[in-house]
Amino acid sequence: MPARDLKRNNVIGHVVDRLCRSESYRVISFRDDHRMPMPSMEKIADAVESLRSLLFPGYFGLSDVNHSSIPFYTGSILSRVFDMLSEQIKRGMCFSCQEQKTLTCESECEGKARVISSKFIESLPGIRTLLASDVWAAYEGDPAAKSLGETIFCYPSIRALTSYRIAHELYRLSVPLIPRMITEMAHSETGIDIHPGAEIKDRFFMDHGTGIVIGETCIIGRNVRLYQGVTLGAKSFPLDEKGNPVKGRPRHPIVEDNVIIYSGATILGRVTIGRSSVIGGNVWLTHSVRPYSHIVQASYEDEAFEDGAGI
Amino acid sequence: MPARDLKRNNVIGHVVDRLCRSESYRVISFRDDHRMPMPSMEKIADAVESLRSLLFPGYFGLSDVNHSSIPFYTGSILSRVFDMLSEQIKRGMCFSCQEQKTLTCESECEGKARVISSKFIESLPGIRTLLASDVWAAYEGDPAAKSLGETIFCYPSIRALTSYRIAHELYRLSVPLIPRMITEMAHSETGIDIHPGAEIKDRFFMDHGTGIVIGETCIIGRNVRLYQGVTLGAKSFPLDEKGNPVKGRPRHPIVEDNVIIYSGATILGRVTIGRSSVIGGNVWLTHSVRPYSHIVQASYEDEAFEDGAGI
Amino acid sequence: MPARDLKRNNVIGHVVDRLCRSESYRVISFRDDHRMPMPSMEKIADAVESLRSLLFPGYFGLSDVNHSSIPFYTGSILSRVFDMLSEQIKRGMCFSCQEQKTLTCESECEGKARVISSKFIESLPGIRTLLASDVWAAYEGDPAAKSLGETIFCYPSIRALTSYRIAHELYRLSVPLIPRMITEMAHSETGIDIHPGAEIKDRFFMDHGTGIVIGETCIIGRNVRLYQGVTLGAKSFPLDEKGNPVKGRPRHPIVEDNVIIYSGATILGRVTIGRSSVIGGNVWLTHSVRPYSHIVQASYEDEAFEDGAGI
Amino acid sequence: MPARDLKRNNVIGHVVDRLCRSESYRVISFRDDHRMPMPSMEKIADAVESLRSLLFPGYFGLSDVNHSSIPFYTGSILSRVFDMLSEQIKRGMCFSCQEQKTLTCESECEGKARVISSKFIESLPGIRTLLASDVWAAYEGDPAAKSLGETIFCYPSIRALTSYRIAHELYRLSVPLIPRMITEMAHSETGIDIHPGAEIKDRFFMDHGTGIVIGETCIIGRNVRLYQGVTLGAKSFPLDEKGNPVKGRPRHPIVEDNVIIYSGATILGRVTIGRSSVIGGNVWLTHSVRPYSHIVQASYEDEAFEDGAGI
Amino acid sequence: MPARDLKRNNVIGHVVDRLCRSESYRVISFRDDHRMPMPSMEKIADAVESLRSLLFPGYFGLSDVNHSSIPFYTGSILSRVFDMLSEQIKRGMCFSCQEQKTLTCESECEGKARVISSKFIESLPGIRTLLASDVWAAYEGDPAAKSLGETIFCYPSIRALTSYRIAHELYRLSVPLIPRMITEMAHSETGIDIHPGAEIKDRFFMDHGTGIVIGETCIIGRNVRLYQGVTLGAKSFPLDEKGNPVKGRPRHPIVEDNVIIYSGATILGRVTIGRSSVIGGNVWLTHSVRPYSHIVQASYEDEAFEDGAGI
Amino acid sequence: MPARDLKRNNVIGHVVDRLCRSESYRVISFRDDHRMPMPSMEKIADAVESLRSLLFPGYFGLSDVNHSSIPFYTGSILSRVFDMLSEQIKRGMCFSCQEQKTLTCESECEGKARVISSKFIESLPGIRTLLASDVWAAYEGDPAAKSLGETIFCYPSIRALTSYRIAHELYRLSVPLIPRMITEMAHSETGIDIHPGAEIKDRFFMDHGTGIVIGETCIIGRNVRLYQGVTLGAKSFPLDEKGNPVKGRPRHPIVEDNVIIYSGATILGRVTIGRSSVIGGNVWLTHSVRPYSHIVQASYEDEAFEDGAGI
């Protein structure tokens, strides 16, 4: 063996040794005490794409479905999604059990996962109704939109909301990990980061979308429009006696019906943006505002905003 | 059949029924009245990557082309791109016809699509000239750039501009849907959202780029530089008598030659940023500024900006 | 041949001619004077994913490794990564030589690349230690985080930092091009743009992350937390006598230990943010601040920020 | 450019010239006068595999179908196969038209292809009945077969017959080219070459199968068993005045019910093998034999063969 | 919906109905009463290829293993093969249980499958020793062989024997279905059909190989050479009272050491070919022959065969 | 770790040890003393498919080439094939050097490989001329052939001959290993095994083809037709003083012009089959026959064979 290969192998042997030594796992433990694999990104992405093709038939997935063949198509996709989701939800639950050191959960988690899959499937017609309203909101809210179909097919807002509305339903059914995986995939694709725990009513539109952040305990009313770079975040969070953040407390804004928030605005804390308010771009806001308020960055005079104004 | 499978199937049968019922399509119609499939994301992405390899030979696609083999390579890629684009443009046109309820358009659209493909192909040498100027602008505008080649190969600015310049040419040729699909793919990859309708002259550079939005009717001069998070948007849009936005009106900024706009600035409406102006970071601007202006956020004193200053 | 095909071919022949003519390469040269292909995005992405599976065993890659099989697994992945990296580093070096018109570098670059690969491999245990501290920082810094494992598996912060810490080590070993390719891949996935030259200590956390920019000469201390849209950039850069930017000068901020910077803040130039300072959202800052400073946007009164406050 | 690359390119340019010159196409014409592409091997293979999964549900394709989900599954696969086959049959027909210099056939062929696809789909239940009988024949005819399921899943005989029975139905519907493509794919996989024109009744079994040839005008009765290497071929064929073989005449054997033919036997010409005959291995036979004959190679005495004897 | 689509859908609906009706499953039952999927061809093919790379390191699989890295490589491949095989063996066992209507076997089969996998893994060094002898036999038995490496890399004999020797070991461990799947894959690739139950000693060579059939109860000694088209089959098999063949009885030839059998010879029944015999091409043989016999087809005088003579 | 995993790992550790021990490599050496990887099956298959698309444009590969685009297409495929072949030929040469313990051959082999690639490319027009004659022979020799195009697209004879004629040209250029790999791939697909060393003139046709074997030193004249299962083999081969076969001696038949050989015939040794002879099925022949002979199996009277008779 040439000397240089010898050297390579010595280095590798040495590093294997150091990486596999138990001290190396003091801080973050190595997942070896449980046989259930992690949920699969690929399978979850596949399930989400399959659901997209059911929610918007003819736009995604098979392009040649028609009124007669669609029941077959819908039924076979639903069967497949049901089984994929049951498996991935089970893995998500077992992962969560493991984090809590509950190790003999497999068959119990499998049963629960199937029940949840059933309930999720039943929520699909309602998800379609919500998304249809979001499609109209995108078409009406963007002068550049040429047709309803274009918003379904191309708009990051519809893409991110489809993922969010699926993930939110799973979150409501107490599925661990999977909802977050779904919204993070949409985050990576669109730059829009909606926590699956947020509650968002119908007719929601996010123009451009990159950089939007919507926190876990947000509540957003009907007919709300956001522009790129808007943050609906938490302002502060209490720590427990060990210095860890207290989890699960309402800490993000409530945005009432018909509100418009322009690009780059940052709204923090459990504040309420009253109905039909307009928040200007780049505003930093940490207190509630009354209905019909118009808030703009202090240092610039600004022409009047009318309802329907946009970017 | 085990009881639990029975239950699963009942649920699926029930949901199929609800999803396929015609009421479910009241709001967004189901694409079943037309046999032309939607344009294919995969094929369009393939065409764009092929064009990238023609525009920057040796950097993308086949790495071993040389002065003698390049005509063969260029010719065979062009033939392939011509046919792929003709098909996808036809689909985009038929989609647009369908939205307008014109159903017997297929052969007419096919002919038009081939004419457009020809014209598009003829514009490629001009697109290369523009992109070459953008490469120089990136190299000169970023102290971190080590070579021209690095900016071609790694910079989101060049990647997004290649897609935009291709999409803009198709937009100019009145192709529906496809240009938007191309810029949305680049948006997803780079976080840079340039509407294909915008007009951008040569030597354009966007450093970092994430969150940049450039609206449909923007006009951008030569040698302009933007940083991440800059919005060139619309401020308001008039509604027609039905409450829908009036489409197609000039509503985004005009940015003249040699302007620099720093990160997070938001410029809205059909305003003009005069030549050689510098707009500071996080500024919110809704009126025109004269040539050679230096605009900064009000609340901070700030050292002088010279030409050539950057982030 | 139908007339329309004839027309198509004439156009293609004509465009081939114009694209292959030497004038077309006046501005950006065509890569044909060197036989070494460009580094491969696919191979580098593969190497980074393989390293991710070694750094967090059980989370990524093979899910069924255990205490006995992990040395085999680690050794075989390391061997593969070593060879892939050696090849790609060699290509990066040759690319760099070519830009400097050094054409007979291949065997010299190959030898150097193997030495660098060895040194890089030896740095992996240290990279794991740093990333373990980042995982804790994410868990403690986000009330929405349910477990350490969730932050490893889902958080863009950990994903981007894994890529950055790998790329930074290669940057320190003077590898050209490859480090930038690695961080740009992470930039595309997460919207987080960290230059591989930046120095970042342990326990670093970026919540949400989209739009964060960290420049080449930044120095960031321990236990720092950033929110989405934060820029740590350069304010101005001197030009040399030819008008090109002077490369490689310290021009980005120094951020000391325990600093928190909220969303959308822009900090420019070689300034120092003193230890334990808190910088509010959307702030534009171009001068140094003392330790324990609390800086907020001028135009809004604001409730007090405590340590531990977040979004 | 290095001298060696120059040389390479000269050679290539020279060969391109010679290969593209029209003389080069004197003998076999170049397919350029018709725009319809050749049928796709991949698509046809996909259709055949999909049909296999419908004919033997649970063995091939989705493994988790059950009594409730199978109608959805069957319906969606049938829709897909219908469309794939219609397209491929159309291509096959246009290919055939082109060979006969009929160039404006596309829309007429499309209509015919859909009618044929419908008729083919209607024949599937009958094909399943035949194949079920073949499965029993395999199980009963091979002492090594452990179960019916094993013969479905593993036996080349069932694999080749599934392809043949599909191809034969298309042949009966006068589809050009496609049936032959299907049986040639099975020939490549199993070494069994059955012309799609042959007629084969139920309960047919070919043990091992490699090298079996069954010609275009063969007629094979019920309950026939062949071993590997059996040829049922033509002995001579008349030539027309131009010296080309006269096509389409009966020229292959008729094999009546319950016949067994051992390995390597060659039977040529339009002869009849009477019912319940047994033909020994390696026999060369060019005349008819009466029912209940036992034919063996002349030069060896041989123990009696009983019904049910096998290899 | 166009009339033609209506027609299509009526046909499909009608055929779905007929294919899913229970009468359609009278003859071959539909696999729906068991949840374990069929073994996966793809996984088993993957396991066999992985084993090939372990048995002949450097020839197949990773080409850059060396004396230091090979333990890592071997260990990680073995771990992966162990898990793949355990899963597939379990499926094969459950399939077999189902055929026997034993439905609650899953966890028992899982345990057994792991024990068998262990034993199989332990047999690998012995399999390598046998295959090494087969490689020498091929090199020495074919004047066209240029090197040992060429026979490993290109010869169907070595390819088929590798699969057979793996399958035979699994057969000895009483694994159902999987051994047959492995030898049928090799049969499809090489045209060589060796039943996994056959016993074959070392230094075995099959030149060309197409059409060779070696039956379930064959016993083949050391240093035997076969040419293409040789059948070692059964002559007759007794039927039980129901008319089904009695399974599992010795019914194929015993071939002693140093025998050569030329192309197309057919040897049937539990006969013994005595040591060092030579059987000529196309011979049909159904009785035992003494050691050192030379059997040729009767009708041709023939020159003497010496040991070492070949085709 | 569960006990069963412990057991698994012990077994694996133990087997790794035995497989990696040096004794295990006594018989067949482990390829570790040379860094050049084995030739790649995938790349060679890719090159052969690319050549097939050049030789029969419009049938294989891109279906939309036309008279104007074909030079581009041909040129770019040729460039790609040239580079692929150069690399694979180099690997084949280095493999051969290694077998002869010549270890420092890499750059010399690289140069030679490029020269050979050039020469091979120049032989392509001649290969096309030969194959065109083979296509005519297939069409005229098979009454079942409906058109010239069908024989190009579907017939195993044309498929195997394309591979053989490519491989033979490489064999003539003294390329080791690669020609055999190419003909073995065709052997696996078609069951036709032609050694690349055989010499075969124009207008050659093999009907059905399965099981045909044509040995290394065969010489076959013009207008010869073979049926399935024909062997043209060696009868005996002399051994050298060590007992190894003497390589490279003429030992296979010479078949003169216009000969027809029916299925299953076996012709062995350096004998000559005189022009226009007809050899009947299953004949075993080891001596020369005069021109115009008609040889049939002895034991059956047989009707007269006319020229043009077939199966």
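Here the chain labels run A, B, C, D, E and F in written order, and each chain numbers its own residues starting at 1.
Everything that follows uses one rule, which is that a contact is a pair of C-beta atoms (placed from the backbone, for glycine too) under 8 Å apart; a residue touches a chain by one contact, two chains touch by 3 or more.
Treat the numbers as computed from the prediction; the structure is a model and nothing was measured.
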| query | Copies subunit C and subunit F touch; is their interface built from the same residue numbers (over half shared) or different ones? | reply | same
| message | Let me spell it out: compute each chain's centre from its C-alpha atoms, then which one is farthest from subunit D's centre? | response | C
| said: Can you work out the whole-Å distance between the CA centroids of subunit C and subunit D? | reply: 57
| said: Roughly how far is subunit A from subunit D, centre to centre by C-alpha average, rounded to an integer in Å? | reply: 52
| remark: Per the C-alpha centroid definition, the whole-Å distance linking subunit A and subunit C comes out as 24
| note | The positions of subunit E in contact with two or more other chains are 1, 8, 12-13, 16, 32, 64-67, 69, 71-72, 74-75, 78-79, 191, 210-211, 229, 264, 282, 297-299
| query | For subunit D, which residues count as touching subunit A in their complex? | reply | 62, 64-65, 69, 71-80, 83
| note | Per the touch rule above, subunit F residues touching subunit E in the complex are 4, 7-8, 11-20, 24, 27-28, 30-32, 35, 37-38, 95-96, 98-99, 176-177, 180-181, 184, 187-188, 191, 193, 195, 197, 210-211, 213, 215-216, 229, 231, 233-239, 243-249, 251, 264, 266, 268, 282, 284-286, 297-299
| field | Interface residues, subunit E side, partner subunit F - complex | value | 54, 56-59, 63-67, 70-71, 74-75, 78-79, 82, 114, 118, 121-122, 124-125, 128-129, 131-133, 135-136, 140-150, 152-156, 189-191, 208, 210-211, 227-229, 262-264, 280-282, 296-300, 302-303, 305-306, 308-311
| request: Please name which positions on subunit A make contact with subunit E in the complex. | output: 1, 5-6, 8-10, 12-13, 16, 66-69, 72
